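When the chains are written out, they are named A, B, C, D, E, F, G and H in that same order, and each has its own residue count from 1.
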Amino acid sequence: MPLVGVVVGSKSDEPQMQETLRILNEMGIEHELRVLSAHRTPEKTAEYARSAQERGIEVIIGAAGGSAALPGTLAAWTDLPVIGVPLTSSELKGMDALLSIAQMPPGVPVATVAVGSWGARNAAYLAAAILSLKHATINDAYKAFRQKQRKG
Amino acid sequence: MPLVGVVVGSKSDEPQMQETLRILNEMGIEHELRVLSAHRTPEKTAEYARSAQERGIEVIIGAAGGSAALPGTLAAWTDLPVIGVPLTSSELKGMDALLSIAQMPPGVPVATVAVGSWGARNAAYLAAAILSLKHATINDAYKAFRQKQRKG
Amino acid sequence: MPLVGVVVGSKSDEPQMQETLRILNEMGIEHELRVLSAHRTPEKTAEYARSAQERGIEVIIGAAGGSAALPGTLAAWTDLPVIGVPLTSSELKGMDALLSIAQMPPGVPVATVAVGSWGARNAAYLAAAILSLKHATINDAYKAFRQKQRKG
Amino acid sequence: MPLVGVVVGSKSDEPQMQETLRILNEMGIEHELRVLSAHRTPEKTAEYARSAQERGIEVIIGAAGGSAALPGTLAAWTDLPVIGVPLTSSELKGMDALLSIAQMPPGVPVATVAVGSWGARNAAYLAAAILSLKHATINDAYKAFRQKQRKG
Amino acid sequence: MPLVGVVVGSKSDEPQMQETLRILNEMGIEHELRVLSAHRTPEKTAEYARSAQERGIEVIIGAAGGSAALPGTLAAWTDLPVIGVPLTSSELKGMDALLSIAQMPPGVPVATVAVGSWGARNAAYLAAAILSLKHATINDAYKAFRQKQRKG
Amino acid sequence: MPLVGVVVGSKSDEPQMQETLRILNEMGIEHELRVLSAHRTPEKTAEYARSAQERGIEVIIGAAGGSAALPGTLAAWTDLPVIGVPLTSSELKGMDALLSIAQMPPGVPVATVAVGSWGARNAAYLAAAILSLKHATINDAYKAFRQKQRKG
Amino acid sequence: MPLVGVVVGSKSDEPQMQETLRILNEMGIEHELRVLSAHRTPEKTAEYARSAQERGIEVIIGAAGGSAALPGTLAAWTDLPVIGVPLTSSELKGMDALLSIAQMPPGVPVATVAVGSWGARNAAYLAAAILSLKHATINDAYKAFRQKQRKG
Amino acid sequence: MPLVGVVVGSKSDEPQMQETLRILNEMGIEHELRVLSAHRTPEKTAEYARSAQERGIEVIIGAAGGSAALPGTLAAWTDLPVIGVPLTSSELKGMDALLSIAQMPPGVPVATVAVGSWGARNAAYLAAAILSLKHATINDAYKAFRQKQRKG
């Protein structure tokens, strides 16, 4: 049963998120991948977010470029923590997506990470950090990673 | 029966949109005003957009600041033309809203106008220009306005 | 008889607008393509915009990079709805064109879409949405497109 | 025993974070407030972050302006989830802090929220969403807040 | 007979250009002031620019905010040197006007000066420098100003 | 005897300015090319600017990237009209050079043109427009170019 | 005999630099203040920088807004370490000055500090850090300041 | 015994700093290179900075991209002058790193140089300028370089 739902706004954004999936695997975190657009398929996106918690999802990662409404839309329809990854798909190369995802209005938080590949990786690590509060095996894996990393 | 639905993302954004209402009045365009948030009240926003056309609405104007997902969310749930007004409510003073509203992904268009009060006024004029294609009295009012304006 | 006039600021901008033409075709919207510069050929541009309505044009799409005065200039000389597409032709890669097109002063609206290829496509979809208010066959084509798109 | 540590980079940043404290109170989340600078008091900051988990802290919120290294520095010294709030204290009014906090390198995630007062509030809500995964009473309070908010 | 035409895009921009007029006076340069909008009054603007040279104008100064198409439009319709002053009238406070005025396409030059009051003053000095090539009394006045200034 | 002095900040910037030279040739404007740095060779730069007028130079074009102090420094040491071309040589790709050249303080004007190749071409056209006020043959060549260009 | 020369680009910039003077006093560093403009008074500026070292100056601090060529110009004429403070005097409020000062070409370094008052203070501290390498009493004062600061 | 410590935030940043090492060699300045991350290896970074002075280091150069906390963190733990080089490693290509490094809070100065290769070279030259105050042979080498450079 997946703990993390990774949602990308468009099929063409999938390659940018392979690192997210790889790191979730490394941390032993079960996950699922969906292609859902806040703008093109709003009903499916709403349905996904609304039902995520009852299906056992604990953290949602949304990745999108340009207007990048996906993470905010997922956050609008769920109470789970949502992590937003700004992608570089548009001609403005991610600054648009960063502002769209970061500047959420009060009451509906999104946890924004860095633009592009750095953010794709940190989205997985942030999910691990959050899930570590509750899941001992994830905590062990994440702590081991951080400890090894601190040794340089 | 209103032809234009003016939607603001937050109660505190209403004053910025008074000029929109004033100009719609001047052009003789019936309209309604709603406070709906893409993030805080996603279901009401979806419901509003989905039912707008059958209620006779022909153009929707959405105004929001920061992430400013409102116009795009309205556009996601309706096939009507949607005009987006980037407001200056967040600390980044409108550049965030402009990029969020303008950088819509292909397939779900939003007609973006200028940030703040200029856009609030042009949203009404753009609605008038669009409705002029079909409604003779609006066409007369809008043409008269433009003709007088061209005289300086 | 064309309903939509697509105007590009320079011959070298034409390739960026092929998607606009393709989508207008798909929506069954007759159109014409012109190369006209607000700065290099102001008289021809003014003449085109001034005569567009009497020739049956209902929506004008203007695409330009850099200063990108084309959409605003077209809007200055016509009362028809004008859609502006910011292109990436200059060294500043579209941010200049986006601000130039979006920040129109009150009284002369332009409907701005996204920078580059996303905007080139959405200009056609926005034209379709506007024309759908009046033309049943375009309405059918656009609604079919949106409905299929919403199914993902 | 506090679950959330709220850290501000400078005494003068405290007023901007009062809303964070108010909302944490509303959600029934025990918390503590510290003034610690990544740059001026690096040892105290490191010590705080390193010992936070053993003292029972589960989420750290760091708020700073300008270079805004505080959230990233806290994240460097702890494995707990860290939320970063970009403040507007410098002359560049928050764009600097947003980029500094959001653009964390892979391996050390920070959950960035909006610039200034919007982010100050969402930092508390994001902490509530994260803690809701584990703490039933926080989950109840946060769900009640979101449910009420969705009603508009 | 005026040598310099100062054109502002809107009545409300006039106060920002008082310094231009004052300095032109100081340099003994005859001038005239017009309020003309590239967007609202395109015909009058074109007419002004087209007839300027035959009326004895040698340099045109255009000042506008936001899309700021005025200097470029004047340049499109005249072969005289045109100086563009980006004003801060829009919500984006001049960055939009600077990019709009500076990023002119090849073939239609505009001499851009600084945003706001600095540019308003330098537009007059630049006009003086240009006219000094031909008019001895302006040359004397401008050289005297620069010489005194260099003494600090 | 050259009428226009074209100065580039660095040997590696020369290719970006070939179009300037080509257009000056086309307009029949004699010119010279110098490599001079405001920062690396301040004395030579000052000497060049100070002596330009007595050597018969009437317009100076300065092109530089990054800090791009060259046009402003030339303007500091001469009373001739100086045209500044922001180049894309630095990692920030011209936005830095544009702001450095455009934001000259009151009293020392620089005529800024577009970033990179557009500006390289317009620098020559602007020089032609300025020199046309005084030199009949340049006026003929420039008017012929503009007239032909206006025909599209 | 002053060790540090503080140079501001304009009389009106002096108030922004009072904190620099205060901190230099606190550190026991003798200094002098000059108003010199790279653009308006280039000869005086060159003369100041060229003669600074022989007069015993060891560090120069240059502060300017807008094009902000002052620090780079000082660095061009001296081999001493030059610290640049971007001020907020222009309408673009310091982003222009930051880029102008930071983006110096290779071969002529400037040590850039933060925009405005933060930078005005850090310019003095950076001068103290540099001078501490050689002057024991400054080293004592600076170390004492840093040590006290680290205690919070 | 090295006088300059060059620290890069990540192994992949090393190639961007080769020019720094080459120029330090040319100036006859002994140096060492370390890979240390403010975020991934905070303890090693703190230890390096804290012990640098007693090991004879007189200037530290820190280079990093994105959040780029490295120079500021080094400056937090040492009283030595720290030079910061913003690198282009992140998707935002150096603007993020520039703001992060330049906008240091008062009390902990960092000497920021240009983004990328220009800054990599100027970091070495700035170190040379600083060390020239105390070390005669470095002073000779740096003065010779500058003198030769001034000859063009």
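One rule holds in what follows: contacts are C-beta pairs under 8 Å (C-beta built on N, C-alpha and C of every residue); 3 or more make two chains touch, one makes a residue touch a chain.
Because the structure is a prediction, the values reported are computed rather than measured.
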| item | value |
| --- | --- |
| Intersection of the contact lists for chain A and chain H | D |
| Pair sharing more residue contacts (C-beta pairs) when A-C is set against A-D | A-D |
| Matching chain pair for A-H (criterion: over half of the contact pairs shared, by residue number), options F-G, B-D or A-D | B-D |
| Intercentroid distance (Cα basis), chain D paired with chain C, Å | 45 |
| Rounded Å distance between chain D and chain F, as computed from the means of their C-alpha atoms | 51 |
| Between chain B and chain G, centroid-to-centroid distance (C-alpha), Å | 50 |
| Computed distance of Cα centres, chain E from chain B, in Å | 35 |
| For chain H, residues contacting two or more additional chains | 37, 40, 42, 66-67, 90, 92, 95, 98, 102-105, 107-108, 114-115, 117-118, 149 |
| Contact pairs between chains, per stated definition | A-B, A-C, A-D, A-H, B-C, B-D, B-E, C-E, C-F, D-G, D-H, E-F, E-G, F-G, F-H, G-H |
| Contact footprint of chain C on chain E as seen in their complex | 9-10, 37-40, 42, 46, 65-69, 72-73, 75-77, 90, 92, 95-97, 99-105, 107-108 |
| Chain C-touching residues of chain A, taken from the complex the two chains share | 35-37, 40-44, 66, 90-92 |
| Sites on chain H touched by chain F in the complex | 88, 93-95, 98, 114-118, 149-152 |
| Contacting residues of chain G [partner chain H, same complex] | 58, 79-83, 98, 102-115, 117-118, 121-123, 125-126, 129-134, 142-143, 145-146, 149 |
